[in-house]
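Have a look at the structure below before the remarks.
Residue numbering begins at 1 within each chain, and the chains themselves are lettered A, B and C in the order written.
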Amino acid sequence: MRRGLCTALVFLAAVLAAPPAGAQTTIAIACSALGIEARLCREGAEEWARRSGNQVRLVSTPNSGTERLALYQQLLAARSADIDVFQIDAVWPGILANHLLDLHGKLDTAGHIEEVVRNNTVGGRLVAMPWFANAGLLYYRRDLLEAHGRRLPETWRELTDTAAAVMQAERARDGSDRMWGYVFQGRAYEGLTVNGLEWLASRGAGHIVEPDGRISVNNPRAAEALSLARSWIERITPLGVLNYAEEEARGVFQSGNAVFMRNWPYAWPLLNAEDSPVRGRVAVAVLPRGAGEDGTHAAALGGEQLAVSRYTPRAEQAVDLIRHLTSREEQKRRAIAGGFSPSIIALYEDPEVLEANPFFRDLLATLRAAVARPSGATGVRYNRVSAEFANAAHAVLSGRSEPAEALDRLEDRLERVSRGGRW
Amino acid sequence: MSVAGQAAGRTAIAPAAATARRGGLSGMEIRRQRAAWLFLAPMLVVLALVAGWPLLRTVYYAFTDATLFDLDYHGFVGLLNFRFLATDPDWWRAVWNTLLFTIVSLALETALGLIIALTLDARLRGRGPLRAAMLIPWAIPTVVSAQMWGWMLHDQYGVINAVLLSLGIIATPWAWVADPSLALWSVVAVDVWKTTPFMALLILAALQLVPGAVYEAAKIDGLGPVGTFFRITLPLIRPGLMVAVLFRALDALRVFDLMYVLTGNSPSTASMSVYARQQLVDFQDVGMGSAAATFLVLIVAACAALIITAGRVRFDSAGS
Amino acid sequence: MPRGLRRMLGSIGLYLLVAVIVVYTVFPFYWAVVSSLKGGQALFGTELLPRDPDLRNYVALFRDQPFGRNILNSVFVAGSVVAVSLALAAGAAYALGRVRFRGRAPILMVILGVSMFPQVAVLSGMFELIRWLGLYNNLLGLTLSYLIFTLPFTVWVLTTFMRELPKELEEAAMMDGATPFVTITRVFLPLMGPALATTGLLAFIAAWNEFLFALTFTLTNEMRTVPVAIALITGSSAFELPWGRIMAASVIVTVPLILLVLVFQRRIVSGLTAGAVKG
């Protein structure tokens, strides 16, 4: 009786674990499970499968970037062939390089944004193919700015004032306190590192860790930038922002409860979807400049790449899938349907793309001037650096520590993490 | 509260084993002993495999610089990981968070559990369904209850803010899980919700074993309800209560999914388990993560020893 | 009269307290049900009754991801964990509960110790073990790893039950020349039905609710168990935050548990409490 049960269990497990049968090759691709991104990935991969006569299997991965990376690492460390093609973030090529196939000579990067290609080249090996490039953008409610006779803010300080004024006026108008001035990503995770880096870089306060490995984050300008951000909380930004990632911020902005939002380009088509309450009332601009003569517009470089696992026995088909997904037509489709800014330069002049995403006209320049996170200098320790920075910024935003003091401590901790700047 | 903890408590207090006491070992007895080891063997092998070996590996890794990229290549670093840990304020914050969480949630759960149990101990109709209703929070997966509460506590759309606002208790929406000064208390509140009813059931079962005659006697002696409770009821249910407290405390010290789902890795709520997992998985630092985990095991063991000694919890069955 | 009045007020107070307790324990679940029936913008309102309830969240749940498969996975993992734990624990409980031998007390101590292990402390070793056995992203890997928390407690509980059975039974069987194996399977197991059911049920619930191992040792959507699937649900429709779906999923996984609890509540409570209050 018991043996029978065991046999039955083993059999059941075998049935459950068996891959779908089929003569063709099945390529497993891990791409984002987030909203429209997942749909576009599935459509693109299935289109390739149809054309090539193979099959694709989509592996949905955690939403949070940190968790997704951890998952990839576990898998790659195990030399597992469970996933053939990985969608990887702009800061991961350095971390994952040893586990990824060199695509040099297999795929052509001509016509792609050079900055991104360079970002994906580690030790002379092209470990990932650019798929779409991202940069932080400022979304704003055109209708509200017009209604209250306000210009688009040029600097962060102007943004602070404009947001406060419009927010007050709106609150007074409808008598509720739902309206807020500015939402961004304030949860203690990678997103806060990105936001923080933008505040710092726009103020000329460095890039946390410089390309030569020097830890530059502890300086008065950085403290100034952080205290400005601190002043937003509860004044123009809900305290809840301390637990917001991209989607939470979009939720608030899209239900019409915020004047400004910092987010990636992906939000554009969603904000303008049929059932969106703010449809047609939103516009996009570059993020504000930092204060002072040398204040610049700084947007963090983001974006996703496609890479092939070194452990896959199906490399040829995997590369072919990437070829299709990063092709001009596919990137164009994704740009139109999902607002994903292409890595192919020529598409920024494509009329159809521009019609769907009018703000793409200026985006290319922003992308090429975008600020890279210090993932090159910090290598495999980037995650720790990012977490330390995000925690420090979070402590400042939540009022648990003063900017200067937080940066002091952060410098000490980075010294320690870097084993004295050697990384 | 984990099932394992409760059930272990169940056995822990059971009367000493009723094993047959005989003089010399008969042939039969020898055969039984041999059979005993035979029956134990599979269980012990599995336990060694799924518990012993992984724990040994963790302790081993705590002294190395292994990373998740490649577990096979690592060197010994002695106590470096522990030194790093001892000087990391985030770790001590996690320790503090965990201890605070354990103490506060345990105190609240015990107090509320007592109140609920005393209420239910009064004769009243519909106690069966009531008891079932109270098991609901316990049966819901922690991940799910964390999600449910995360939604109810949402700063913009949460029902809790809506209710409190409409009652005029708060003037502006509170950011329950985002505000660092509130977040840990929100986590505690969810844990209290999840565990109190269960604690109440344990106490209720203890209460129902207190003979009614004892209360009659207390009445004759002129003890008021409060006096009766502290002088009569509490001492009588203390052993059962202590076991519940012990296992609940061990559970709380290991807390992971509640914080992880509600607030991610945020240092203002991170528990020791969250910290260890972050080192291990997010930072790929198997050495550090293992050191933290080893430390955690030691702390749990120390707390267990402390509660067992201080609470005079008896483990008859294991000691006999 | 004053005494009657006081008694009436007392019982009103009592039932009020009871009502508060019930609302406190049940409301979050009620709110999950209500939220799961709302769609689109209605989700962001806070009315206590859904104005026009619909099932779109439930439909989307099964349409956009293999949620049915996730439920089957959970059932399989929890079921197999229960089967294996009970099989291993029944024999061990006989040895620990009815035979006196040297090493019994240390073994019981070790088992108790294992039930205190933080899961994270065995995470990396367990991951290695699972990889080594080739069980990564395989439900059997979860079955194996869950034994770390179900086995100690099934052994403990069954040991207690085993101990309380009258020794005459065993002696009679031995007189008839039965081997210990026959004694266990023919004499004890039939008597232990209720104990097996209780421990099995508790082990089932514990395995059903597990999160960390399931998150770490499975990879693809098709292999995930329900708690992980819920934690990873995303709003893949236009712009909704996925709260409606998460709540729908929560309701779906909770309902079977609530039914189990309702049906077996007496047994669960007695199983969990009987021993704890004897001391």
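By our rule, a residue touches a chain if its C-beta (ideal position, glycine included) is under 8 Å from a C-beta of that chain, and two chains touch if they have at least 3 such contacts.
As the structure is a prediction and not an experimental result, all values here were calculated from the model.
Contact topology of the protein chains: fully connected, every pair of chains touching. Across the assembly, the chain pair joined by the most C-beta contact pairs is B-C.
Spacing of chain A relative to chain B, judged by their CA centroids, is 38 angstrom. Taking each chain's centre as the average of its CA atoms, chain B and chain C sit 15 Å apart. Under the contact definition stated at the top, the residues of chain A that touch 2 or more other chains are 74, 251. Each of the following residues of chain B touches two or more other chains: 71, 156, 281. Shared interface positions of chain C, i.e. residues touching 2 or more other chains, are given as 44, 216.
Listing the residues of chain C that touch chain B in their complex gives 14-15, 17-18, 21-22, 24-26, 28-29, 31-32, 35, 43-44, 46, 88-89, 91-92, 94-101, 105, 107-126, 128-129, 144-145, 147-157, 159-160, 163-164, 167, 174, 179-181, 184, 199, 202-203, 205-206, 208-209, 211-212, 216, 226-228, 230-231, 243, 246-247, 249-250, 253-254, 257-258, 260-262, 265-266, 268-279. Taken together, the chain A residues at the contact with chain C in this complex read 2, 5-6, 9-10, 12-13, 16-17, 28, 33-36, 38-39, 57, 59-60, 62-63, 71, 74-75, 78, 80, 82-83, 247-248, 250-251, 254-255, 270-271, 273-277.
For chain B in complex with chain A, the touching residues are 67-71, 84, 90, 154-156, 172-175, 177-180, 263-268, 278, 281-285.
Interface residues of chain A facing chain B in the complex, by the touch rule stated above, are 64, 66-67, 69-70, 73-74, 76-77, 98-99, 177-178, 186-189, 238-244, 251-252, 257, 380, 383-384, 387, 391, 394-395, 398, 400, 416. Only residues 2-15, 17-20, 28, 31-33, 35-37, 39-40, 42-44, 46-47, 49-51, 53-58, 61, 71, 116, 119-120, 122, 124, 128, 130-137, 139-145, 147-149, 151-152, 156-159, 162-163, 193, 197, 201-202, 205-206, 209, 237, 239-240, 243-244, 250, 253-254, 256-257, 261, 272-273, 276-277, 280-281, 286, 289-290, 293-294, 296-297, 300-301, 304, 314-315, 317-320 of chain B touch chain C when the two sit together in their complex.
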